[in-house]
Amino acid sequence: MRSLLFAGASRPDLVAKLDRAGADAAIVDLEDAVPVAGKNEARAALPELVASVARTPVLVRVNAATTEWFDADLDAVAELGEAVAGVVVSKVEAPGELESAAGRLGEGAVVIAGIESARGVAQVEALLEAGASACYFGAEDYIADLGGRRTAEGTEALYARSRVALAARLAGVAALDQVVTDFRDDGAFERDAAAGRDLGYRGKLCIHPAQVPIANRVFSASEEELARARGILAAWEEGTARGIAAVEFEGEMIDGPAIRMARDTIERAG
Amino acid sequence: MRSLLFAGASRPDLVAKLDRAGADAAIVDLEDAVPVAGKNEARAALPELVASVARTPVLVRVNAATTEWFDADLDAVAELGEAVAGVVVSKVEAPGELESAAGRLGEGAVVIAGIESARGVAQVEALLEAGASACYFGAEDYIADLGGRRTAEGTEALYARSRVALAARLAGVAALDQVVTDFRDDGAFERDAAAGRDLGYRGKLCIHPAQVPIANRVFSASEEELARARGILAAWEEGTARGIAAVEFEGEMIDGPAIRMARDTIERAG
Amino acid sequence: MRSLLFAGASRPDLVAKLDRAGADAAIVDLEDAVPVAGKNEARAALPELVASVARTPVLVRVNAATTEWFDADLDAVAELGEAVAGVVVSKVEAPGELESAAGRLGEGAVVIAGIESARGVAQVEALLEAGASACYFGAEDYIADLGGRRTAEGTEALYARSRVALAARLAGVAALDQVVTDFRDDGAFERDAAAGRDLGYRGKLCIHPAQVPIANRVFSASEEELARARGILAAWEEGTARGIAAVEFEGEMIDGPAIRMARDTIERAG
């Protein structure tokens, strides 16, 4: 999942366009994108909304477990059965929330944990062991919770963003990277996506269709990266044949870690 | 508390000027600003020193619990009664130190925990649950303890500075940001204060009167920030009225987190 | 140990040159620098390899405890007795691995723990309490394990690199900094070494002789730093004599932390 594109459940016009963007997954949002007064109406519209997405796997983001809508949201997703790929639980702060979500959906349903609050980040290691199949880091909500401010560089979120990536690796689940709210600045999105990939993130939340192709590109290996990975493996194999494991490649010393990264790059490219 | 201005207890001349600076709080320091040979004399002078500050709430910073002066320092602060707003405990490394301080002072006294050592940062989550009403992060002492070096960018302290801000949020107490020792460089102070505010800090330790107005400005919402916050709320309310929760504002997608930040900005502006 | 220079145990030509580089320690590597097919041969050559290094203390890096070679590697190092200064354990992920290594070698043998995986970083605090005499942070392997990418700035590794430095301080052991694979770029190595020293690292792993003098220089106090440290102590002593503890020095406010850093600088310079 390199790209996951959001559309609010109170915006059937946007949901109907989700297929066009070419995202690896679509998220129909019952949480922040739906106003309080429209929560029940949006939930009731789910079957129709989900049916309007034909070619993209659909996930539904439900309101947080601390809200009055959580149970009804989960029930509505469960009733959709195999029409949805799974659920995204926002603002996860207790292991039981994920167990509850996983328990209500069928076997094989995806459960993505939203780590986007002080309590979520502080317990992320335990949370991700509790039945998540993936997680996302929500920098906007996390920094808002701390009373801070978001910047383009994102230094204020680096600690949490790094810690979530590590916790995801420990739990063996994919980490999905923070949104970029300034959806008109493609360069900012690309830089942020690249930084996310450097940290170990596997894909990115998108809030606008224009962000999807950038995420798909950044979270795939480029031709250049593939060529480099193949070159590294070839140099290493040639060295191994001569009994040498640490070889030089384009001015860098190549050994174990570089080999593992090169293999990972080629595997992800399929 | 946007600004807390230090003056050493062995410098009655500087203490007497504390009122002029316009800081939100004044700290009369018995710790690093007082030489070993002058500790008892400085402590004995506290009543007079505190009395010389008329318009600014006064806190007293006491020597660390591992020193021979800690108990006498706390007793001296306790005797000052309501003449002081509370105590700042330097180099906190065990929960009992804060409980001890809180227990000796009256109800309602402020206890600020100094997190400024390897052991302090490593236990900050537990320490701040032990009776602190606020905390500060001391980057100079922390990096000295690790045998590192301070830089203008502060990358070396980012992990600890971020972790302390998160722990403060979890404990529900205000986090106060590191000092800037180069007191002649207003620009460096302003950048450092802004970075602290981005991370969620609520105010800053000041070691020179010239730093106080900068801290007061950076840790208040600017007119521009207030106008933006009001604009965001207006756009959101207008969207809500039309049944839409995620709206566009100046090229950015505005939903839950942005609304929470805008409300926080307006609240802090009073 | 400001500089530790690697040579693969399957490269007797490089091992024989280790003395020339002027490193504080040499590491004969049985791990990533030796291909799988050559592991046993390289291990068998250890006595001869170690004997070829005359003037530099020698450490042997053994394969990780999860590999089939770990026990035989440790036995081979133990048999070398006082001909080696100790062992470097790669990819440490459980306290028993270090206890096992320390137990097999004689009293006084150095055991350096390699922290270079998700599990290693996540448990670094406990690992370093289990008998390590020092540790190194391996950014290449750590980021490869997370599926990320290494960059020149190293932002992707800052969280782990900072956390390892803190854990080392807590355990009272020296932290040794990450390698720089681009061995032709002296400037990159110097910047990376300086950043490591800022974080509290005491020395650096080197993969090429050209990196050694740079590491030795960066991890020693420069004449300028020594002069500054002496100036700070002099200003502070002069202030103390006048009953003042926080004094000005070259436009900065100098008190406890600056004094402690200055003393550390002078001590390290011997």
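Going by the order they are written in, the chains are A, B and C; count residues from 1 in each one.
In the analysis below, a contact is a pair of C-beta atoms (placed from the backbone, for glycine too) under 8 Å apart; a residue touches a chain by one contact, two chains touch by 3 or more.
Nothing here was measured: the structure is a model prediction, and the numbers come from that model.
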Key: Same or different residue numbers at the chain A/chain C copy interface, by half rule   = different
Query = Turning chain A onto chain B with a C-alpha fit: angle in degrees, nearest 5?
reply = 120
Ask   = With chain centres defined as C-alpha means, what is the inter-centre distance between chain A and chain C in Å?
value = 35
Key: Contacts with 2+ other chains: residues of chain B   = 158-159
Inquiry  = Looking at the complex, which residues from chain A come into contact with chain B?
reply    = 8, 10-11, 29, 31-38, 118-119, 121-122, 138, 140-141, 143-151, 155-156, 158-160, 179, 181-185, 207-208
Query = Can you name the residues of chain C that touch chain B in the complex?
reply = 125, 158-159, 162-163, 165-166, 169-170, 195, 197-202, 239-240, 243-246, 251-258, 260-261, 264
